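Submitted below is the structure of interest, expressed as structure tokens.
We just call them A, B, C and D in the order they show up, numbering each chain from 1.
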Amino acid sequence: MALWGGRFSGQTDKELTGFSESVSFDKRLYKYDIMGSKAHAAMLAEQGIIPRAAADAIAVELDEIEERIDEGDFKFSAELEDIHMHIENALIEKLGDEGARVHSARSRNDQIALDIRLYLRDAVTGICAMIRDFQRALVEQAAGNGDAIMPGFTHLQHAQPVLFGHHLLAYVEMLERDIERLEDCSKRINVMPLGSGALAGSTLKIDREEVCRALNFSRVTRNSMDAVADRDFIIEFISDLAIFAMHVSRLSEDIILWCSQEFSFVELDDAFCTGSSLMPQKKNPDIAELSRGKTARVYGALTAILTLCKGLPLTYNRDLQEDKEPLFDAVDTVKRILRLYPAMVATMRIRREKMLAAASDPALMATDLAEKLVEIGVPFRNAHHRVGAFVKWCRDKNKALNETTLKEMRETIPEATAEFLELFSPESSVAKREITGATGPKAVAAQIEFWKKKLS
Amino acid sequence: MALWGGRFSGQTDKELTGFSESVSFDKRLYKYDIMGSKAHAAMLAEQGIIPRAAADAIAVELDEIEERIDEGDFKFSAELEDIHMHIENALIEKLGDEGARVHSARSRNDQIALDIRLYLRDAVTGICAMIRDFQRALVEQAAGNGDAIMPGFTHLQHAQPVLFGHHLLAYVEMLERDIERLEDCSKRINVMPLGSGALAGSTLKIDREEVCRALNFSRVTRNSMDAVADRDFIIEFISDLAIFAMHVSRLSEDIILWCSQEFSFVELDDAFCTGSSLMPQKKNPDIAELSRGKTARVYGALTAILTLCKGLPLTYNRDLQEDKEPLFDAVDTVKRILRLYPAMVATMRIRREKMLAAASDPALMATDLAEKLVEIGVPFRNAHHRVGAFVKWCRDKNKALNETTLKEMRETIPEATAEFLELFSPESSVAKREITGATGPKAVAAQIEFWKKKLS
Amino acid sequence: MALWGGRFSGQTDKELTGFSESVSFDKRLYKYDIMGSKAHAAMLAEQGIIPRAAADAIAVELDEIEERIDEGDFKFSAELEDIHMHIENALIEKLGDEGARVHSARSRNDQIALDIRLYLRDAVTGICAMIRDFQRALVEQAAGNGDAIMPGFTHLQHAQPVLFGHHLLAYVEMLERDIERLEDCSKRINVMPLGSGALAGSTLKIDREEVCRALNFSRVTRNSMDAVADRDFIIEFISDLAIFAMHVSRLSEDIILWCSQEFSFVELDDAFCTGSSLMPQKKNPDIAELSRGKTARVYGALTAILTLCKGLPLTYNRDLQEDKEPLFDAVDTVKRILRLYPAMVATMRIRREKMLAAASDPALMATDLAEKLVEIGVPFRNAHHRVGAFVKWCRDKNKALNETTLKEMRETIPEATAEFLELFSPESSVAKREITGATGPKAVAAQIEFWKKKLS
Amino acid sequence: MALWGGRFSGQTDKELTGFSESVSFDKRLYKYDIMGSKAHAAMLAEQGIIPRAAADAIAVELDEIEERIDEGDFKFSAELEDIHMHIENALIEKLGDEGARVHSARSRNDQIALDIRLYLRDAVTGICAMIRDFQRALVEQAAGNGDAIMPGFTHLQHAQPVLFGHHLLAYVEMLERDIERLEDCSKRINVMPLGSGALAGSTLKIDREEVCRALNFSRVTRNSMDAVADRDFIIEFISDLAIFAMHVSRLSEDIILWCSQEFSFVELDDAFCTGSSLMPQKKNPDIAELSRGKTARVYGALTAILTLCKGLPLTYNRDLQEDKEPLFDAVDTVKRILRLYPAMVATMRIRREKMLAAASDPALMATDLAEKLVEIGVPFRNAHHRVGAFVKWCRDKNKALNETTLKEMRETIPEATAEFLELFSPESSVAKREITGATGPKAVAAQIEFWKKKLS
């Protein structure tokens, strides 16, 4: 022990406890643990495995424990390892033998699977409701200022004029898919694992369907080994949150750009920025920046949980205890974003004149010219070439596209008529885009109505 | 230019072309690109935007082009950048002005979105069918050898006896979820983006619903800016593949363990191993190891696509061109695994006697003792303590659990009866676990029937 | 505001503060923040920018503040955002105008860069010292039990006999590289950023070299914009920790395998396992499993920080505030592993007879036969074929390799002599491997001496 | 076999070969494999293990094989699995028994470790040289246009004026760290693994030091098991590339912003953009966008290799074959970026007047005012408050900061003198920042000289 051992000491015990314990983070599952224990005990009584009186006493005492935890009046200690042991222990302390019956036909392996599923069912519901609010804020902003005309960007270059409302509704679509994905995930969350025991089920004659009904699950798990080893639903859920966060990061990028001195398209409410009493021009879009940054955090949680599960043999391995912290962090991160972002969006002020000015370069209407040519029968690729030649002609002459005469235009576009000269306003450009999904004012108004109805 | 510039030369042009081109990988989309162009051209004719004769000629020539590509009789070159340009170019070369009409009211931005969606629709169908085969192989193996008794593991320690079939069916469950997830994803894939143009729709009076019907999509996209910027469906799809790959990595870990000299539970068919003419004991489970390794690759693809999309402003940015290689690599990786893995599983040979021997330690039946005590009314936690004391007693006396007399057992378990002495066989242990999802022979047989029916 | 706005309320302010604040996690930097402020104030006085008396008062009061924080006697509040504001505020509260001078020629942008660098310098030193302890524990175990012979594995199949000490020393090598990497990283950490201001330096005549000397950095940063935007050193550091964690995950996998009933090569001290009073066979290698699981967490932190920095424009963006939580979590995780793992390794008990039995299959010595043939002049590939044929012959006759007569051996290996029959003991197999880096007892003993010396 | 087996067929063999082979990607290592074999054979002869004549013949034939592969005149086939087998096979085909001697005392496990290390040694050298070119391009651009004044950004908001050259040199610093990291990594690459055999070394009396010298490595590996299991150097290397790619993504973001119509700070040479004959305003910064996108790909490779190695038991496992494709893809990606990016930077044209205009808002000089106050003895925090009040006063009066009289300024800044009115030009603002690392013209010029010298 010359080289190393001198350091192995009493300190180690405390370290060991700290390393293994999970109660510091899994205590947030207490409501779900209690909910599950009540349903389990009631079923045990129903099946005659424990006395009815015991089940009743357990139920009463569990409510009591929940209340104590609610009120911060419950002592947690790393020695009791996890939330399950804390609650069972408290039961036994109070009820003695009656309490000692609750863990019949159950293992912590199926119990934690139950708790997380109950927790996630609520998390999905909560987050979906908050995303709905986010959609409402976007639709509201679109309803109020959505007719402002701005340049649409590809490659961060001006491409064609679009309505500001159309741009915002793109995000409403993304959020709608986020909700759909979470709802699909909840089908896989909403399956009842209790009764799987440590891994092989139980020799006691329990009624899993009864617990399933009591806890409002859609069905029971079909294989006990799968049930205690499965963390798919966590991965799928975090993956859904990662896509949501990615959407937020894109909107944040847009907003950060719009707030720059160079763009100056929108102004955020002061509440969502830090200014500087020194540098008056500084009004930093902190919430947008932090939200973009927090996307990285959700990606990190996804990487962690995927890595965790890779290559684990069946069934439960202690590694899986590491599933909860990334999960909780992802949920917290997303909820924090969702509590602020809608208000920031709803209170954004728009600089219509800046947007319109940026969208007014007649060059943005070049596509309209080409499509006009198609309308009168010119094959598209040829139309495209003719407009290209026209644009080049204008550049060579150092003229804007709308500064030419019809005669000049005909040098490169022989088919041009007087109507062609009218194509250079951003207003008329958007006005002609009224097919489904396009940026025309009627199409966008219809979409706003669609969403208002859906979200009300 | 003293410090650096001397190196900027003619070589750069070639480098630039190579850097920007995508045809070297997106050419695999040609069938989908052609399918889309046919539907688009037909609609243009229907709407009077191009002549019917042009649409017909285009359709015929597109079939011709498809055939040429099928047969390797089509020249690709980096200068024409991508598959879209290659096909349009070939059309124009052959049909002149008629061909030049096909790209009316379309942009490469909505066209590539369409192509990937068509591709992914097929990919989902193909992969789901292959996963079904994988399930069949597992069920077949379970049907043949599923009654073998083996130790079930937690923490890679013997826990309780289970049926080999039960262990295999755990993976059938995982694969079922993989299929469900892919099918849910396909709802979001199966939406028609064409008509979104570069980003703002079109000024031409196209009929998007017609194209939607023709290509058998479930609906059209509702927002043109979202439609060209959206890669959610790729992320979700790769995320589903990542979970599938994780399942494969777990089964691979199990199989690699089972093939070790220490476990010797199964023997793989020689076809799926490399042996060594030198080291006869070496029969390496290469396919399982490589499959476990390839999981890492799918995770890498997921990281890449998530990172790619983070923080991009709307709408299309050229970064998105980098979406396809990770996607294709993930699809190829998963399909290659799926083409081999089922055969490997179906041809595995089982060493029942090794499995049974490992499961026969009476210590694995300790839980059965405790549950027996619960059956006769002892509160579980007390039962647990009694059995613990019994086990300690046996260890102190250096006896196996099944080597004690009833009298001896009663020293620590006063409630014990003669029946208790019968609890130490793995056969009777599994036989008592017949609740839904548990490892009892009847429960497992019922599951095998369930899956046989579902998979036939 | 019908759709959404009703919900925007007083709650939002609190949410905003909570969203933006960093003091809840950056307070752990207080010692470094104080150390930096003392050096900065002293330099300001030296340069005549602030009075000497002010600098002295600031230094005294900063010590006071440090002591208060040490003792938990300092109030933190989210309103004051970060650790910098807390400390400056406390200074001003106590010293008034004198305290108000400390932030001259400084910005929080260069201040936080300084704090993290000081923190990381200590973190590297601390972690390297702990890794040294880990190496000591491995070397000690190797010194005590390293001569035990076990099968070396490739593909988790028995390959050739090796010494247990050789296996352990492989991990000592890995850990040595971990230290090297961290020390290399510290060269890039140990650069002094203060004086970079918000991004452009300062108009005040500060002396950065003086602060550099006072804080014992190796040089000052050369570009102020880079200095406030740079988080490379965090990424590199976490990446080094990720590789370290990967090493731990591999050793954990080995130990978990060795602890399985099937291998039974080692037994861990009870302190590092959870047993079960019920299932006596269960002695779960929890610390190894949790450590393997925690690897995922460090990978997650690396993904997060890499994602965070991607695509950020210069210079500081608020996203960067999200750098600290993954960093701190990675440090904590690695340190927790390092506080326990060495003791677990040092107290492992070895089952020599189990190891030796597993290594004693004569088939593991097949390579020795082939190399013997090379020694007497047979080309290796031919030797390899001959031994292959011999092995096949044995298998066909159902004989172990060491059960043949010389005559029998010569049917497939005509060159065989009596000496060949002596090649089948694992002891002689390892004894012949004495080249540098090989598993021979002398080579391994020399390595143990090498490490003992290096680590003492 | 009813459910599944019908599909198991002759096709499987081909699939198996395709699944296991690595020659399709590891063939790029042929030069290194040959270099290693030559050194190995020479040493074997020197040690008397093979005849000198054999070693000579092998060397000649290996050169011949290298030439054939160089010229595309060598047949690769999946059946021969990997590059090692191809080359040994070709040797034996030509030289018979002499060729059959080359693989003495060697295994593919140590051989591939050698090959990758040789490959990486070159990759590091090549990439570092290319990064040097990149630095040269930046320094050249800085030397030519570096005195242009632009706004420095934090939070993408105007903060303080900086020199364009200062901004570019920030990237030169980042690239310098990239080179340092790669050079540090090469210390760990440059260690010679041959002689480690399959995992346990060799019984033949080889001279590893001789091979080490011949191949110019700095030392031999010290532990054979570590040597065949180690992939650290790949992870570290890809991690270094990931940080480099992150730097590229940040510069790309800057350039993409600068090229937007809103910023219009720089114009890229047409060669590095795609324009549009139709939309003349579109000059898309494709190379910058694609490079930013390709960062994601390098991150994906890092995730893959880290995931791959996690939890693998010692020593070699077949999973490790999956190390090469992410490695090669990362190298190729980085090299492709490096072949184009310097030229793009060197040919960028600057719009000085746009930059200067953006930097000319007097509000950007507010910090200078506060620091002026510090200079004359006002405590910084008070100075900060005074300037804040002044700024507010100006805003209330709707005046720019430089439109006030001294009398007006004194209402909020009583200490102001006439000198204060001169502080509002961006030229004088940068001119006062001449401390090390700051943006003053002399400081920046000194840095340019520093780099020119270092890079010449």
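Operating definition for what follows: contacts are C-beta pairs under 8 Å (C-beta built on N, C-alpha and C of every residue); 3 or more make two chains touch, one makes a residue touch a chain.
Owing to the predicted nature of the structure, the values given are computational and were not obtained by experimental measurement.
Enquirer: B-C versus B-D: which has more C-beta pairs touching?
Expert: B-D
Enquirer: Suppose each chain is reduced to the average of its Cα coordinates; what separation in Å results between subunit B and subunit C?
Expert: Subunit B and subunit C have C-alpha centres separated by 32 Å.
Enquirer: Would you give the residues of subunit D that are in contact with at least 2 other chains, written as numbers and ranges?
Expert: In subunit D, residues 154-156, 159-160, 257, 284, 286, 289, 292, 295-296, 299, 302-303, 306-307, 310-311, 317-318, 367, 384 touch at least two other chains, as defined above.
Enquirer: So what shape is it, when you link every pair of chains that touch: line, ring, star, complete or other?
Expert: Complete.
Enquirer: Contact residues on subunit A for subunit B in the complex?
Expert: For this pair, the touching residues of subunit A are 49-50, 88, 92, 97-105, 109, 152-156, 159-162, 166-167, 169-174, 177, 180-181, 184, 187-188, 195-206, 208-209, 220-230, 232, 235-236, 239, 242-243, 246, 249-250, 252-254, 257, 292, 295-296, 299, 302-303, 306-307, 309-318, 367-368, 371-372, 374-375, 379-382, 384, 429-430, 432-433, 435-440, 443, 447, 450.
Enquirer: In the complex of these two chains, what residues of subunit A are touching subunit D?
Expert: Contact set of subunit A toward subunit D: 151, 154-159, 256-257, 259-263, 276-286, 289, 303, 306-307, 310-311, 358, 361, 363-364, 366-367, 370, 384-385, 387-389, 391-392, 394-395, 401.
Enquirer: Give the list of subunit A residues in touch with subunit C in this complex.
Expert: Residues 1-5, 7-8, 12-13, 15-16, 18-20, 133, 136-137, 139-140, 143, 271-272, 274, 284, 286-287, 289-290, 292-297, 299-308, 317-322, 325-326, 336, 339-340, 342-343, 346-347, 452, 455-456.
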